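The same chain A turns up in both complexes below, where it pairs with chain B and then with chain C.
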Partner chain A sequence: MSEKLKVGIFGITGCMGCQLNILYQKELLQILDAIDLRAFPVGKEVNLENEEFDIIFLEGVVVNRRDLEDLQRYRKMTKKLVAIGACATDGCVPAIKNFMNNKNVERSVYKESELESMHSLDPRPIDDFVKVDHYIYGCPMDKMEFLQFMKQTLLGKEFKVAAKPICYECNLRERGCLLEQGIECMGPVTFGNCSVMCPLKNYPCVGCRGPYPDANFEAYFSMLEDKGVDKETIARHMNRFAGVKFARLIQKEKEGKGEEEKEDENSCMDLFCHVAKDRLKKGDASCWGGN
Partner chain B sequence: MHPVGEETKMSEKKITLNHITKVEGHAEVDIAIEDGKVKHAHVHSYEGARYFEGLIKGRKWDEVTLITSRICGICSCGHTVASIKAIEHACNITPSHQTLLLRELLTIGERIRSHASHIYFFCLPDYLGFESAIAMAKDYNQEVKDCLEIVRVGNELVKLIGGRDMHPFVPVPGGLTKVESPERFAEVLAELKAILPLVNKTIDLFASLKVPDYERKETMYLALDNHHSFPLHTGELVTNTGLRFKPEQYKEFLEEHFHKGSTAKFAAIQGKEYSTGALARVNIASDKLSPSVQEKIKEHKLEFPTTNLFMQNVAQALEILQWLERAITIIENNTFADEEQHKVNLEKGKEHRGVGVIEVPRGILFHDYTFNDEGFLVEANIITPTVQNLAEVEKDITTYLNTVLEQEPEKNKDELVLEVEKLIRAFDPCFSCSTHFLKVNWKEK
Partner chain C sequence: MNRLQHSSDGLALGKDQMHRLLDALKEYGELIGPVHDGQWLRMQTFSKYEELCLKGISWFTSKEYFFPQRQVLFQFDGHSLTRQEEFPKRVLFGLRLCDLNAIAVNDKLFLEQEPQHREYKGYREGLTLVGLWCDEVQDKYCFCSSMELEHFYDICLYDRGDYYHIKAGSEKGQEILEKLQLLPNGPYEKEFPTGEMKLSTKDIAKFFDKNQVWQKGAKECLSCGDCTTLCPTCMCFDVQDEVEVDLTKGFRIQKWDSCMYKDFTLVAGGHVYRNTRLNRFKHRIYHKLVYFPQKFERYMCTGCGRCIRGCPTKIDWIGLVNEMEGETQ
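Right, the complex of A and B next:
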């Protein structure tokens, strides 16, 4: 048998939920048998660094320079980098800060004198800074998807998830439409393959798996507005788990249509995306000092 | 090995532990030893700030919990319930009896898996001389499998109520979006019963480990007390020193202050550090433990209260049994069915403040929100257990290390570091959770 896969599991700023989800996996021992786990600081004392890894799983969002340095180091250490969970893939809730006044947010928690030592920057998903080879979406990351990824990789196959919106699976499972019942569900614009666990329990999709790339945002927003949902609510809901990615996608779509000119302060899209152009540019946001 | 820095100047020794492993989150410790005595010990988290209290400002009452549960992966159910309690208190919602029981089950599931994974995965390897539970799996296969099984069943209970095993979404202010079928409850009940022998074995195992002979008698403990049951979701706050206050009065007693020139926030009650968590609860409420837990205490000749912090792990093992039995009783004696969610009631022209205080695995958790009359959040304060425990951890490192240095002065750096790590892990800190920590750069004077 060929050599075992050299695996590392690391985290930058986050809730640790995705890494714990690996530790809580009932298949943990079988997985450990099949791989060479060289680093996993949450679960191990001895953690090898500065050597070649085949795969590094990384949880967390980049919120300061230390996170960025760690991220760049992990990228250099590994052949494949896998982003696990919404923080790494989409920025998750810490990235809501991008849509708010930084100073107001920070001062709600810390005094001015304390903030100096925080060195906080705008929270960003990891692919703003490095190449990511695979994404395991969700908040927390989908355990089944992680397991599928491990199996496929161990079999030497490429792991792929077909891009479909949440609605596709709701239809398959004959779960009636929450939107039709007047509940604000993000199913039409969200990346599927989560077994639609939330809608099945009468809870609307909140978009934790990030954008479905072919979503028709314009139609989605006007449908919500027709149902009487106000623009502020729509904008607030859009930025909770993957606001950065949603906003960029919408902005790109608009640019493609040449609609940038006719900006409309009252439109839902503009209300949500107004920060996109100056603050959300990939990698070159002013706060990150270039790159 | 974890990165350890050391500088030795004459009789001075400075130890820096750059990344404490096997804890939730990222933290560092600096310790300065001079003439064989600890001059100071600083623990600080370098988990990046996520500003949760700021992020939920301007959010409507029905989306706050969705965000606050993300504070912590290991106690997301605790954050969810504390958050819901604060919202309900503020928005005048009275949850049904069924809802309260189901929320209890949700946090019990979390308690079981959190304690089991902590004591087996993070602490036991220290006692058995392994670097991790993973390395231990060959020689102690049964123990690791027992742990995974207890964790799995805890997860099942969380999933049954919460909709998934982390960041639960089914419990919302006013009730639950869906209640599972009686068949599902019966299935989980059978699984809970099946792990009873494993949980008893767990207590036997942890009660038999030789813990360091160490006490810090002046330690103050804080726990919830409702006069009749072991602390979980209800009651007033009490200390072993005789203080008693209502959750919404916490600001009169508890302050977050700056500590010895560092920029980190530490909580104190009337100027004194205190400890909260499993040991605090067992110390304060041992008389409210179930008969079979009391029996276990007798069988192993355990004594509570104790100020030996290493007994925290035994207290956690005892709590697993306490809560497992409680979960079994709740499911056996109740039939649950879908019911309507209770409505919000906001008065015009008024601000609405609500405080949710509950016991989570690591201790007391405070969520304190104020909403405007349209139900938008205007002010929030969250205090996690680790924030409350950290001043104690520093004191304990100093006192414990001094004891070790006195009794075994020949111990080398690696051995000392292991002792410190053991102590920190016994505390069960969660640095992801402690949103209020700043990185402190310690400097030699």
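Right, the complex of A and C next:
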């Protein structure tokens, strides 16, 4: 057998839940046997840095310049960069700030005298700045998906998840659709391959795995409207874990439509569009900034 | 299934005597029937007649019982391959004609042509099918009377108030009923019920260029795949290899898939054959009414209505087909 994979597990700004989820993995000991874990500051004492890694798992969202520098350093250190958890893949809760006025946010935390020297930034998922090879979604990162990643990678295969919405697994588990009961579930627009614990526990999916790339937002919004679901509720859900990515996909869908269709367009589609498009542009550090 | 020539002659069994039938059926395997959990009607194990809900059509299908969501095709441990050798014996009780015919459709693909599907055959041979005739449609989404269904069951029950008129549809069914020594009840026949929903034509190939109408459906479609997962005749699957972390053991697994997803037709090199929602939406209906009959000489759809009933946006493809037919008249 060839040499073991050199693996590092790091975090930038985040709650560490995803890194802990690696420690909670039932198969942890087997995984540790199979890899050469060179660095995992959350989980072990001796950590090698500044060397070549085959895989770096990175948790967290870019909220400041230091995160960005760390991110760029990790990218240079590794052959493959894997984003773990909603912060890294989609921006998660910190990225809600993209949809707010930065000055107002700052004022709610800092004194007026400190505001002068403040330059707060829009928090962004890591693929806004560097190439990401693989994504393990969820808030926290889905343990089963992490295990799938490890197994396929150890086997020498390229990790791939077919794009299906949450509804697929939900139907396999014979949950019975919450939408049928008038409950606002985000299953049809959320990336699948989750253990659907939310619908199974009678709680609607709130989209923690980010958008299903083939979602039909217009149809989804008008269906919810027909069912009398409050738009604000949906906007809040969408914003909570993956607002940036949802908004970009929705804007792309709008752009793909002919003029004619745009006119009778559902107003729900504009939920996120009060945010200027250039603000949501993928940024390098220079165009990345608030207002 | 060794089917008998259809006849309307049957036997009588009082509803208060149903335990006799169920006791006889228990010899043929685990009893599975429609049970209501307060919100949903699903096919699950039961032991007494009183547990059943024989009104309405189950939201979920019974296909899990002969075409499991996750079917291990073989296991390997570095030295040898093993395959599933034992298959359960089950009685599917209270299936409607649409769901019984759905099994006939699955048989066409998996049993009645070579090579047979080994695991499907295993499950299928363990099944005993007990049907329940619909006196009326179960809800507004049923359109079975449009779908040319056949009498396909081991035993079929017709509700006659306080008793059932019972017919055997196969040698196995006859054998079960003989054990019960029931009184003959003469001939009894009942038409297929017709509700609001009717398919005006099944010859939809002629609508291939009516994309504006098809587009109305596609525009509403979320590509969620609920329709195909709930459909009793959708039998598409994906095959994947799974391993243990230490790579010493693994298995090849067959899992339900759906043509409503883009990745369904993703091939090496990144090409996707049915990239647009329109193509995927059309394909599903074409498979049911055009491609399958071309090959197997029967319609694939059995009119159970689940793909509309269970669709989050309730896309009424029957209405779309009728609209296109109306335009060509």
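Simple rule for what comes next: the second predicted complex is superposed on the first by the 264 of 291 C-alpha atoms of A that agree within 3 Å, B and C clash if a C-alpha of one lies under 4 Å from a C-alpha of the other, contacts with A are read in each partner's own complex, and residues count from 1 in each chain.
The rule is simple: a contact is a pair of C-beta atoms (placed from the backbone, for glycine too) under 8 Å apart; a residue touches a chain by one contact, two chains touch by 3 or more.
Computed from a predicted structure; not experimentally measured.
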Fit or clash for chain B plus chain C once both are placed on chain A?
fit
State whether A:104 touches chain B only (first), chain C only (second), both chains, or neither.
first
In the overlaid three-chain picture, which partner chain does A:12 touch, first (chain B) or second (chain C), both, or neither?
first
Contacts for A:237 in the overlay, against chain B (first) and chain C (second): which applies, first, second, both or neither?
first
Let me test your reading of the model: by the given contact rule, A:144 touches which partner, first (chain B), second (chain C), both or neither?
neither
In the combined three-chain superposition, what is the angle centred on chain A between chain B and chain C, taking C-alpha centres, to the nearest 10 degrees?
110
Report, in whole Å, the shortest distance between any C-alpha atom of chain B and any C-alpha atom of chain C after the two complexes are superposed.
14
For the complex, which residues does chain A have touching chain B?
11-21, 23-24, 26, 28-29, 32, 37, 40-47, 61, 63-64, 66-67, 92-94, 96-97, 100, 104-110, 113-114, 117-118, 120, 123, 139-140, 143, 197-198, 201-203, 206, 233, 236-237, 240
Can you name the residues of chain C that touch chain A in the complex?
39-40, 42, 59-60, 69, 219-226, 229-230, 238, 242-247, 256, 258, 261-263, 266, 277, 310, 312-313
Where on chain B is chain A touching in the complex?
1-2, 19, 21-26, 46-55, 57-60, 63, 66-67, 70-74, 76, 113, 117, 121, 125, 131-135, 137, 144-145, 148, 151-152, 155, 163-167, 169-170, 172, 177-178, 263, 265, 380, 421, 432, 435-436, 438-440
What residues of chain A sit close enough to touch chain C in their complex?
27, 30-31, 33-34, 147, 150-151, 154-155, 162-165, 167-168, 171-172, 174, 176-177, 179-181, 187-189, 212, 214-216, 218-220, 223
